[in-house]
Amino acid sequence: MTSAPVLALRGVSKRFGAVQALTDVELEVHAGEVVALVGDNGAGKSTLVKTIAGVHPIDEGQIEWEGRPVSIHRPQDAQHLGVATVYQDLALCDNLDVVNNLFLGRELKRRGTLDEVAMEQKARELLSTLSIRIPSVRIPIASLSGGQRQVVAIARSLIGDPKVVILDEPTAALGVEQTAQVLDLVERLRERNLGVILISHNMADVRAVADTVAVLRLGKNNGTFPVQQTTQETIIAAITGATDNAVTRRAARTTEVAQ
Amino acid sequence: ACGKAGSSSSSSSSSSSTAAAGGSQVIGLLLPENTTTRYEQFDKPLFVAKVKQLAPNATVQYANAGGSAQTQAQQVQTMINAGVKVLVIDAQDSAQIKSSVAAAKAKGIKVVAYDRLAQGPVDAYVSFDNEKVGELQGQGLLAAMGSAATPSAKVVEIDGDSADPNAADFKKGFTTAVAGKVNIAYDASGLWKPDVAAQKATAAFNQLGAKNVAGVYSANDGMAAGIVTSMKNAGVKAPIGGQDAQLDAVQRIVAGTQSYTVYKAYKPEAEAAAQLAVDLLNGQSITSVATATKTSGSGDQVPSDLLTPVLLTKANIKDTVVADGLYTVAQICTADFASACTAAGLQ
Amino acid sequence: MSNDTKTPASAPIPAVDPRLLQREAGLQGYVNEFVRKVRGGDIGSLPVVIGLIVIWLTFGLSNSQYFAPSTATYIAYWMPGVGLLAVGLVFVLLLGEIDLSVGSVSGLSAAVYAVLAVTHGLNPWLAVFTTILTGAAIGALHGWIFAKIGVPAFIVTLAGFLVWQGVMLWVLGSTGTINLTDVGLNHFLSGNSYVLNGDVSGGYILAVLAVASMAYGSFGEQARRRKAGVPFKPTSELLIRVGLVAVGAFVAAYVLNQDRGVPDAQVMFLALLIICDFVLRRTSFGRKIFAVGGNIEASRRAGISVAAIRISVFSISGAFAALGGLTIAAETGAASQSGSDPNNLMMAIAAAVIGGTSLFGGRGRVWSAFLGMLVISSIQYGLNMESLNQDVEYMIMGVVLLAAVIVDSLARRTQKSSGRG
Amino acid sequence: MSNDTKTPASAPIPAVDPRLLQREAGLQGYVNEFVRKVRGGDIGSLPVVIGLIVIWLTFGLSNSQYFAPSTATYIAYWMPGVGLLAVGLVFVLLLGEIDLSVGSVSGLSAAVYAVLAVTHGLNPWLAVFTTILTGAAIGALHGWIFAKIGVPAFIVTLAGFLVWQGVMLWVLGSTGTINLTDVGLNHFLSGNSYVLNGDVSGGYILAVLAVASMAYGSFGEQARRRKAGVPFKPTSELLIRVGLVAVGAFVAAYVLNQDRGVPDAQVMFLALLIICDFVLRRTSFGRKIFAVGGNIEASRRAGISVAAIRISVFSISGAFAALGGLTIAAETGAASQSGSDPNNLMMAIAAAVIGGTSLFGGRGRVWSAFLGMLVISSIQYGLNMESLNQDVEYMIMGVVLLAAVIVDSLARRTQKSSGRG
Amino acid sequence: MTSAPVLALRGVSKRFGAVQALTDVELEVHAGEVVALVGDNGAGKSTLVKTIAGVHPIDEGQIEWEGRPVSIHRPQDAQHLGVATVYQDLALCDNLDVVNNLFLGRELKRRGTLDEVAMEQKARELLSTLSIRIPSVRIPIASLSGGQRQVVAIARSLIGDPKVVILDEPTAALGVEQTAQVLDLVERLRERNLGVILISHNMADVRAVADTVAVLRLGKNNGTFPVQQTTQETIIAAITGATDNAVTRRAARTTEVAQ
């Protein structure tokens, strides 16, 4: 990984009113690399993702794309660079149906008008690779289950031809089977030489697919670890900021009971 | 205990009036609405010009209530604050204005009622007789119908907005004039709005049958504009008239699509009001102008100058609106009406 | 008891979700599905149509005149004016916004047209073009202040309501009411212009065109969907739909032919409705309007320029207000100072909402402008026929308006599922 | 490079979130925090206040008369009428709904009062009571049709707009305008009733009362919070706030005393504002209104009876419309057929929105009715003073109204963060 | 567990338009029992929860409370019985602050008016037991992170005195430490003899705290298992409806690679 990272954040800070959500954050993602971004609730992970995706402009610092500084002010800017994002808060239009949400902003056309047939066909294919069962691709998003919505959001990010895919807790609402499919998907993305940023609270998933783990704590970097050489305990300690935490205490207690 | 508010300075009205007018004298003119052309096109400029002529150092403060009695009450208070000496009020609502008139009188301000007789202690009144306007309309319609005016002849009547007290006067005058001579087969309010009037007229024509309509009454020219179009669409061939002598109405009269209008000569009305206002301002007697007396809705006896409205038809256009300088022949006879004008002997 | 251990079923995933209720074959299937839909509150414009029929029957029974063909002419003639304002408003309502300026803009437009074409003798078509452009520009200005400066649309257009009314008075200024000359678009929209000069063939040709193009569209789509292997509507259903439209179209043509034919103004109105419906449902611009109306933030994140959509929608609304103003002026034969009647604004909004467009954005069709105006014109005509006092008229109008929507609301109440947050 | 492994920090959890920016001590701290808030767009009613000052300066510089104390009397006297409609509307807007009927209900109420008290000679206070009850009942009826039948509030109240106008015309019927007798509440609200008969002490007593109760409230709360160990505002900040209110109150009292004192109508208006503010912010009923305005489904799931809240809010709006109608009638001296002026509705909505209440529910304060009416009355008076034609007046009114909100929108734009979905 | 279940569903069905979301579902929860409700995405878990909580009325079947049939039409009905629910779609008022959301509908009062001080104090305590760090309890919910919102929703359910607590994917958005705290919390609820329904896609969590696992598949019951005697594979097979699924395939593949 000596080549320039496809995406790099340099000293990024972001403030909301009286809350300093991010302070001097650094992050690098290379092509073909899966970076897991982990951290406590409210650590600033989603905020970081949104700054990259152009949802919030950054206050200070710089974003570099393939080695060159770029400015990302609007979601379009990020999309044109080749960033596809799955947001934690999904961001779907409740009034539109599944097909329309999938292709929103990137509709397929035929003689200048929407090609509903082609979109519907493509949507069915896409959803079946993620083994989700949705009663009909023509029902409004509002009537889908949490996991079904999540899968639609993930499928959305695969339309188009991104270079970096950002997944903010993509498997949070997913069933076991769908989770497995998404992890497979992440691996396929890596094979296609894309950069992937994966946010997750599930250490097992992180260890299964990530190359690197970046820890955020209270809006600041708190270490970057190669997955292979790092124990789960080290990562959890970096997340919680202490080696003695609810997780270790719980673990200790339950093993005690079991013994 | 600590003294009355306002007593630290001198009496508020006098202090502000000196501040406002710097010793000069202000007359307030309040007109009621803006959907009828007459007010800002004629009444206001004619009044202002006459005041300028009679009392060069007096100024006129103007306000239009936009059809709201509440706005008008606010405007009266504004003028009282500004220290006017005389108010000339064309009341949006001649009853509701009573408390404003009383408030003005309490400040020693003289009040002239203009066009509509305001209730309360009014000093003088200039107007046309509104019932008389209705009567003229009735006579105009009967004349235009000619032999068709029989007790069974069906007439469509579109009145003004019942929220305007004048509307009732017009209706009353008209009804008196035509009672027993024709059959009012349809009667509804057009709210002073051309589109509403046009729709109601269409409904009436459908209802009665276009061929059976022998005459149409429109309370004013604005509504007549819409009704004339409805008549054309429905194929109703019958006389129609309004009031106000609006330019478009005069043109329609020239073209023959409207039969008459009632011309309320604004110039004498506005100038009489200006004369009264200036006389009151200078503390002079008004008996030479306000020769009659009229009893208002509040029972006050008001010295009045009542002008006579004129029925305007194709025959007397030249002697009325043109002669009075209201419109020039060129204004009336635009390209669309050129041939009709020639036929009518206007050009 | 809660511990009975079943062996897990291990069936292969079926192609169609087994929980999706399919319509059974045959007529019985339709009836069942229909009953299910009505129960579930999923009934489209059915309640409004029922409301409309009830209105017709009520007025018709109280005054047989109401069933005369001239009633249809009246409605067809007076609908387009305010109806066009309503069409523009549907676009704005789809965004979840409101445009209070349409009444004033329509009044101003009539004034501008009158001054250009009558006072200054400009070529009438050029005057129409300039007027509509003015309306669009005014709308774009509203949209810009809303989208770029961030002033709520309600306030921007409330200011517009006042300002354009002032400008209208100023434009009409010295002349007051201006009689329009019967030329150009004005002739086309005013009372003596009927399709094919009122020849009976006119109405039927239009009806045939409508039915044919609808049939072509639906069967064409069915064929393409069948080929692509995605679900399609069965032929029987399409036949029923086309049949219903055919009955409506031919009955309307027949009734209008009994009187004077199909007013050209109505034809223009219908043509614009078809175009707008196409834009909203079949173009990506239309799709974006729905998206922004549904979820602004999601649309923004999908790369849609929310500001551009807002500006164009308000500009469309301005253009329709201008065209509506021209139509109202043509209908009444003159441009006057009362052209910006706030009542027109109210009726236009009411029409859109009665026809089924949501005030909260993202749900609606331009056809609701048509349906709503049909309801309103039907009530208005019924009341106009009776020569009622103003007080009674206001009361009846309000109550009937409410009644027309109550049917709809009652039917939909079952559907108002708790929705997801 | 991306592999540098830092040892994780393992500090104990601090009591206060380290990311929360605290205000530094001293004056500099205030200045810094203020600048930060303005930058972040978190500026409360500051922009509207600035807009107001700009309006005052503009009119004052163009006409020195505008700075006369009588201007203050005018504004204080004319604000409460439409202001009371705006107060009721704030409640409705907090729900994210609209009440288009307030103008008509106010007109009807004036008519009902006039007929009862003047025509039938009922005890004036009993007549007032009956009238307000009528307003509340009408509002409750609107609320019921909306909440229980599910007709959109917009349509229900649009129907109300028409129906109650009709009923008003019918109530006034043959008599038309009815001049009111100067007794009871009518005397209290009309032009010659000032606190303590216009004695200068009146204004100052009110100012002292306001400042003292505010100080008592804020310091009391500070003490309780301090005792409970939850964060509290520092004494310096409270002093600044109380000081600002004191300056405002005493200046207002001084200016009004230069003319005729504090109009009783204004005192009633202020008292009602204080009560409503208390209800909205300090009672669980008020909290529920905000909750329903924020998220209907979440409120429902929290066990709030959404229908009950809706019905009561519309009933409050009806009651305020009735009281507003009585006030307007008292201000103008009569109940008339033009009492249901739709302009009043427009101005009341504009006042609420200009004052900072959102049209989309869940955000706002009753004080916005006050602030907004102050802006509107200030503009209106300024325009009334100039001898303008209607056209110019409409234009200026619209532009100034827009300008007053633009300041606010520009300031808030920075804040309009992308929000979470 | 021979006593009557505190809550039981008998043959419950629920339809949305053309979608039959639940068919003849049976479920029992006893006091002091933690029942895990698991199933694929869109299986109908949240729908089931909402029928119990009174959000959707049921179409057919019966709900029994402490042995007696009850009818639940509105959320109030469920609350009065003693059901507290944490919804998957959280259902918080974005415009209200944390304290107000916590106490919504159950405000503390002092002399008839809201006692903001007491509520704020209680809110701080409650949140700290769930070890969540929120910048201020007086900021609107709209500005919280996904996990922070989740914790607020969980804390809400603990106010009042419920007999049955239903948690719909409560840990989906939570960090490792907060997840541990919520699991601890579930155990404390069981100790207080409450009935708990826990929905989760995380088998490890389910196995850690649940007594019984009820599986839902395509809106129907697909087995009820005592946790102690059942392997994870059995449960997953019941969820996915097949022993050969993406999870097992993925597991096989990754072990292969590791070898």
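A, B, C, D and E are the chain letters, set down in written order, and residue numbers restart from 1 in every chain.
Following the convention adopted for this analysis, a contact is a pair of C-beta atoms (placed from the backbone, for glycine too) under 8 Å apart; a residue touches a chain by one contact, two chains touch by 3 or more.
What you are looking at is a predicted structure, and each value in this text was computed from that prediction instead of being measured.
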Number of hops, chain A to chain B, where each hop joins two touching chains: 2
Pair exhibiting more inter-chain C-beta contacts, B-C or B-D: B-D
Inter-centroid spacing, chain E versus chain B (mean Cα positions, whole Å): 74
Interchain centroid distance [CA atoms averaged], chain A/chain E, Å: 25
Geometric centre distance via CA averages, chain D-chain B, whole Å: 39
Between chain E and chain D, distance of the C-alpha-averaged centres to the nearest whole Å: 42
Chain E residues counted as touching two or more neighbouring chains: 16-19, 55, 87, 89-91, 131, 133-136, 143-144, 218
For chain B, residues contacting two or more additional chains: 34, 162
Contacts with 2+ other chains: residues of chain C: 13, 17, 19-20, 169, 173, 295, 297-298, 300, 389-390, 418-421
Complex contact set, residues of chain B against chain C: 34-37, 41, 161-162, 186-189, 191-196, 198-200, 202-204, 206-207, 221-222, 225-226, 228-230, 232-234, 246-249, 251-252, 334-336
Chain A-touching residues of chain E, taken from the complex the two chains share: 16-19, 39-43, 45-47, 88-89, 131-136, 139, 143-148, 150-151, 169, 172-181, 183-184, 201-204, 208, 218, 236, 239-240, 245-247, 249-250, 254
Contacting residues of chain A [partner chain C, same complex]: 53, 55, 74-76, 79, 85, 87, 90-96, 100, 104-107, 109, 112-114, 117-118, 120-121, 124, 131, 133-136, 142-144
Residues of chain B defined as touching chain D within the complex: 1-6, 8-9, 12, 16, 19-20, 34, 40, 44, 60-64, 66-71, 73-75, 77-78, 81-82, 92-96, 98-100, 102-103, 119, 162-163, 165, 168, 298
Touching residues (chain side chain D, partner chain C) in the complex: 145, 149-152, 154-156, 158-170, 173, 295, 297-298, 300, 342, 346, 349-350, 353-354, 359, 389-399, 401-402, 405-406, 409-410, 412-413, 416, 418-419, 421
